[in-house]
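Consider the two complexes below, in which chain A is the common component and chain B and chain C are the respective partners.
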Partner chain A sequence: MPKVYNWQLGREMDYRFEGGAAKRQFAAVFNINRCIACQTCSMACKSTWTFSPGQELMWWNNVETKPYGGYPNHWDVNILELQEKANPGGQVWDPAKKDPKTAPYGTFDGKTIFETADGVNTMATGYIPPEADWKAPNIHEDTSTAIPAGGASLPEHAGWFFYLQRICNHCTYPACLAACPRNAIYKREEDGIVLIDQNRCRGYRKCVEACPYKKSMYRPSTRTSEKCIACYPRVEASDPLTEGLPMETRCMTACVGKIRLQGLVQVDANGEWIEDRKNPLYYLVHVAKIALPLYPQFGTQPNVYYIPPRWVPRPYLRQMFGPGVDDAIAAYTNPTRETLAVLQLFRASQRIVFGYRIEQGPKTGELNVGGQTREIFNDTIIGLDSNGGEIVRVTVDEPTAERPGQLNSL
Partner chain B sequence: MAEKDFEADDPLEFVAVRYPVDPTVDSDAVMARCFIEEYALFGTPPEQIAKLFRSPFFAGTNAILKNRGPEFVQGIIDDVFRTGSIKEVS
Partner chain C sequence: MLLELVKRRRIAVGVVAVLALAGVLQFTNTNPAVSQTLYLTAYESGKDPGLNPSNGAWKDAVAVRVPLTAQLGSYAAGGGTVQTVSAKALHYNDTLYVRVEWKDATQDDASTRVEDFSDAVALEFPAKTASTVPSVCMGQADAGVNIWHWRADSDAGLKDPVEIYTGASVDGYPSTDTLFYTARAAGNPYANPDLGAVQTLVSQAFGQLTTSTVQDVQGKGAWANDAWAVVFARPYTSEGPDHAGFGAGARTDIAFAVWDGSQDERNGMKSASQFITLSIAGAKVPGGGGFNSTAVILGAAMLIGFTALGIGLGVYGYREGKR
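Showing the complex of A and B:
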């Protein structure tokens, strides 16, 4: 197999094809700390793309409750177990072998899903979830059920939990693409979006088996597989609403909790991000380093990044987001003035923010945050479109409005 | 489902396995501080944050107040805002 460089792992790895040719890459940051699992994103996606016969069990976007939940059920535990069996005790990181650009989280000394596969019969280690695992995306999670006569006694939420928002990661080295015997899956040069050619696909489900995130799904009514298309007509700026400017996807723009920011970043042949200091995604991932990839050890170099939840035990988070977790949480817990401003750009506009500038505002107070005294300023951040034009202007002080009590219907 | 009672022999009944938590960690205090700091950082004044805990419509914060009492919550709010207070910006 050819060797490609995976900067999230800090090393070269085996992959079926040479490095990607994408010039720009679809990428997003999700702030787990602010998600309330309202599922508005899930419904925005479903009502746009997967409402037809044969798509009943498809949730290209889902939000699951960790550590218990998963769609399909237990997807991450299953793939972690397969990897552990293939390389017992070896799935470890060396956080000391670090380089700011080529290995920002250290080096992964274990094996990726491509390296535990034989490269002949299978291109990536995986499994096909049984049908039942797709049928209840939120079974036993935050759903209302009966309350036993004696009151609820299960300890399931006593310690901690959090919501994990999931879409296709439009990976730099997609396992679905590597696994397809028909070469029906391709990654677009212009934005790195990964798509399945429905004419070429014959529904062998190798992509369903290989995708470690289980975001490729089989549709029995067409006998083909389908997946998140990153709302490419919106990203391509063909929606008349924004008059030719690229738009964020449906799931991003529908986010009630303002936890999502999506855009396009410039990448080189290795999928490494070209420095673009005033792109908010570049800032969050490569400057502030508060947003981390999901299960980077799988090796697909996913392009959705997460700000980890600060209240969750670190060993769990290190397994999920790699060894960058401690620094990311420290930086998020006591954010810089710039970080606070950039966080306000989340879901501030339907249009993709390609750059930003900050106008300094007055000091509004001091807080004791994370045990440190820090000053708070009401800065204004201005989001810029692909032409450098202003598309949104928001302040760090979030304006609030309180609904009168008599309007509450509950 | 909501109107039906739990049945122990239901094969799809939830079987909970608790993920280990450090016994020295006060989960209520950790979560309360997360909420308070998160809102404080984007300019929410302390009295408005206290309301989030008092209101039953905010189930998570309200559960902490019910479990530990208003003094516990107010103590963390006071600690976060102890070095000053957020002033309203006109």
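Showing the complex of A and C:
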């Protein structure tokens, strides 16, 4: 099997194909801290792509409640168990073997799903969740079993949960793509979007079996598998609505909680991000390092990054997002002036923001967080399109207006 | 020196015996299942066998038991759960009929749930344009293969889940145009509800299996008593450039593959045979009895003969060793 470089794991790993499939990569940052699980993203996706016969159980976008929820049920627990069984006690990180560029979270010393597979019977360790597991998304979620005495307070809650927003990760090393015996799955060079060729697919469901995130889904009415297409007509700006400028996906733009920011980043042949200091995604992932990949240890190099929830016990978060969790939460809890400005770009525009410029504003506040004094400046961040043109302008302090009294007596 | 001579004589005796056996088998057209070289002969049927596997026309056709093994060479490897198929062949009105039967305790004829895989069987022939006997593993550049693939779910017909889950509550579908059945709109044959039970495919290399532009094979399967029986039928001549060619008196090769859906078998995860010889005899189906008496008598005679030869050689070897 060829060797590819996985920067999220800080090492080379086995993969069925050579790397370097994409020049630009679809990527997103989801801020878990802000999600209210309103499911507007889920409905935006469903009403756009999966409302037809045979797609009843399909949620390309879903929001589940952790730790108990999952769509399909227990998907992550099941994969983690399979991996642990294949490499007992060995699924560990060495956070000390770190390099700012090639191993930002340290080095994963365990085995990826590709490395626990034999390469003849399977290309990636996985399983097919049976129909029952897809039928009841969110069942029994948000059902409290106990209220801890004394309530909850930061830094960690004794009784806790959080919402996990999930779409296809358009992985740099997709397990679905590696697993397809017909090579019906491909990764687009122009944006790294992973698609299933609906003409070539024969419904063998090897992709459903292999995708660790369970985002390849079977459609019985056509006997093929389908998956999130990253709203590619919007991303590639071929949808007339975009007027020729790349636009974020439906699930992103519909986000009520303003938790999502999606874009395109430049990547090299190793799948590493080419430095693009003023791309908001590059900034959040590689400079501020407040957004982390979901279960990087699976080895697919997923491209949706999460700002981890501050109140959740760290061991759970480290299992889910790797050893970068502590630094990410620290950086989010006390954000720098630039981070605070970049966070304002979330859902400021439907257009994809390729770059930003910050105009400094006056100091408007000061607060103490965890013993540290933080100053707030009302900076203005300007989001730029792929040609450097301004598409949006937002300030750190949200402008407010007082409703004139006479309007209150309608 | 003497020992060398003895060894050579023994080898020579063995070679002659094998050649003689092969000659007898070839001449009499018998089908001992244990042979490395299996023969399936299609005699002319007295009546139209049709597609019903229990048609009486099959009663007198001699069955050949073809051993299958797991596909372990290439990804996605697997299978091996079905060990043999019983194959019969007939021809009628310039059409070749092949009937395949195998044991399978579960009737898997729907692909409704994500965990449901269909039972299936495939026949493989060299393309008529093949310059040599192709690789049984999906053919080669100068020798393609033609595959007839029967699937139980295709035979049963493709349905929407709401037609199967009749108690399901659905708010409604905004549109049910073909466009919204994405794979169907993309021209995927397996997504077409009018797909026949058998798909005709062609291949010239592993990983290049393609649905043929010409679909001219018919088929029908029936499951009863823990076994599938499937009949394939195709006229001798085919418009398909890479299809198999047949004709009265002609010889070609045939291989078999079976998938057991309840064992999650699909794609390369299958039980498959090597190529065996398929002859299309001009004669009518011989006999009319339950078994081929000539073959039984010949077989018995050969068994006695070879046992005697074996004992003789053994005794000879023992004596030589004693010296």
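Here is the rule we use: the second predicted complex is superposed on the first by the 380 of 410 C-alpha atoms of A that agree within 3 Å, B and C clash if a C-alpha of one lies under 4 Å from a C-alpha of the other, contacts with A are read in each partner's own complex, and residues count from 1 in each chain.
Please note the rule applied: contacts are C-beta pairs under 8 Å (C-beta built on N, C-alpha and C of every residue); 3 or more make two chains touch, one makes a residue touch a chain.
This is a predicted model, so every value here is computed, not measured.
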{"item": "Partner chain in contact with A:A96 - chain B first, chain C second, else both or neither", "value": "neither"}
{"item": "Partner chain in contact with A:A401 - chain B first, chain C second, else both or neither", "value": "neither"}
{"item": "Touched partner set for A:P220, first chain B, second chain C, both or neither", "value": "second"}
{"item": "First, second, both or neither for A:P129, with chain B first and chain C second", "value": "second"}
{"item": "Contacts of A:G365 with chain B and chain C, given as first, second, both or neither", "value": "first"}
{"item": "Which of chain B and chain C A:P335 touches, first, second, both or neither", "value": "first"}
{"item": "First (chain B), second (chain C), both or neither touched by A:L241", "value": "neither"}
{"item": "Contact residues common to both interfaces of chain A (with chain B and with chain C)", "value": "none"}
{"item": "Of chain A, residues touching chain B in the complex", "value": "33-34, 67-68, 139-140, 144-146, 148-149, 154-156, 158-160, 310-311, 313, 316, 333, 335, 340, 343-344, 361-362, 364-370, 373, 376, 378, 395-398, 400, 402, 408, 410"}
{"item": "Touching residues on chain C, where the partner in the complex is chain A", "value": "72, 74-78, 111-115, 117, 153, 158-162, 168, 170, 173-176, 180-188, 190-191, 207, 209, 264, 266-269"}
{"item": "Complex contact set, residues of chain A against chain C", "value": "51-54, 56, 119-123, 128-131, 134, 181-183, 197-206, 208, 217-224, 226"}
{"item": "Interfacial residue positions of chain B with respect to chain A in the complex", "value": "1-6, 12, 14, 16, 18-22, 27, 30-31, 34, 37-38, 40-44, 48, 57, 79-87, 89"}
